[in-house]
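One chain, subunit A, appears in both complexes that follow, with subunit B as partner in the first and subunit C in the second.
So, the complex of A and B:
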């Protein structure tokens, strides 16, 4: 069983998602399950529910998964993806209301300390502009 | 009243082709106030729907609507994928196989509530809801509305989004500058209603 909350990064741009994941890895290390996705089902800028579901499964941890998103469609698609998970997993995934880069780094830092999903989300959401 | 396989096929086909035929227009509208991919996304979604037309025509109407919803969620991308996906899934979940005007109004009402929840939005915010709500009112006031009435309500409602200020979605970043453009989601919803009216009139 993975001990720490997993982090999923969802951007309209695969480059931003991958870059954000690189920053998380460099700053937080390998202690946190991490996955990213970006781009729409046709390969353009956008997000894909299917890819988000796959990223959640990849970063899955018994403690849950926190998702960081960039713009509106990424949030809507992430919420849709969460709803399409099995019932017992659905309860343990949250979409954080936080800026994607800062939120991902802060969430991963919190997660690496073994914190709960709620704590991880709270820490990420502290980065939200007032 | 039930929808037989032939009519169902025609409904799905006409709605899909209508959206696909207007994809460039939807993209132009979205370029003005959004991120310019609405037509591209919707075309991809409805082409995926068309590719499964034979299977979809054989299902009961509620099952077909649910399958269309899932297809749109998986293939459209953008915010319109989950929003239209939720609309079709909601209709499929709420519609009985044996249709009546009242049953359609109730199913549409519950599907609209699901779209509101998904988009954290409501009527008056320059979205597809600004077309769906007046169409629902029309169906509610007359369980057997004339197709030309439905079409007129939908077209007028989409046009009524032009002076609105966007509150939700990418267009809301523009604030006041979103005023003066028709909402692309309102337009795509009106296109679907127009297509349904065409089928009701036997135009296709």
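So, the complex of A and C:
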């Protein structure tokens, strides 16, 4: 069983998603399950529900998964992806209302200490613009 | 919560941050992660009189933006307070490198 909350990064741009994941890995380390996705299946900018579901499964932890998103569709598609999970997993996934890069680093730092999904989300959301 | 009384200790200490570029992102993450390994309540200040912030809050630690040559003050309360302050001072002295 993975001990720490997992982090999923969802951006319209695969470069942003990958780069954000790189920052999390370098700053926070390997103690947090991490996955990212970005871009539509045709290779353009966008997000895909299927790719988000795959990323959630990859970063899955019994303690849950926190998703960080960029704009509009990334959020609605992430919510749709959560809806399509099994009922048992659905309750352990949250979409954070936080900026994607800062939120991901803050959430991962909190997660790396073994914090609960609720604490991870709260820490990410402290970054929310006033 | 346990009803039995908990032995609590107070500890404080300070260290000059003269290696690192400052309390930037990576040092802040390291400091917070280490603080969170202790059960004591740990606070960080950039002056002897505070203001004090929660050393286990990555958002607050990073927001201090303390530059190089700042003296960091720690104070802690709890069963492992002394060990926590010693460990955090050690981390700053090691220029935020991990212990291998």
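FYI, the second predicted complex is superposed on the first by the 130 of 130 C-alpha atoms of A that agree within 3 Å, B and C clash if a C-alpha of one lies under 4 Å from a C-alpha of the other, contacts with A are read in each partner's own complex, and residues count from 1 in each chain.
Following the convention adopted for this analysis, contacts are C-beta pairs under 8 Å (C-beta built on N, C-alpha and C of every residue); 3 or more make two chains touch, one makes a residue touch a chain.
Model, not experiment: these values are computed from the prediction.
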Superposition on subunit A - do subunit B and subunit C clash or fit: fit
Touching partner for A:45 - first (subunit B), second (subunit C), both, neither: first
Spatial angle subunit C-subunit A-subunit B, Cα centroids [nearest 10 degrees]: 150
A:59 touches, of subunit B and subunit C: first, second, both or neither? neither
First (subunit B), second (subunit C), both or neither touched by A:117: neither
Partner chain in contact with A:17 - subunit B first, subunit C second, else both or neither: neither
First, second, both or neither for A:69, with subunit B first and subunit C second: neither
If touched residues of subunit A are counted for subunit B and for subunit C, the larger one: B
First (subunit B), second (subunit C), both or neither touched by A:106: second
Subunit B versus subunit C - smallest C-alpha distance in the overlay, whole Å: 27
Residues of subunit A touching subunit C in the complex: 26-28, 105-106, 109-110, 112-115, 123, 126-127
List of subunit B residues in touch with subunit A within their complex: 35, 37, 40-41, 44, 73-83, 85-86, 118-119, 168-170
Subunit A - residues contacting subunit B, complex: 40-42, 44-50, 71-73, 76-77, 79-80, 84
Contact set on subunit C toward subunit A in their complex: 25-26, 29, 32-33, 36-37, 56-59, 62
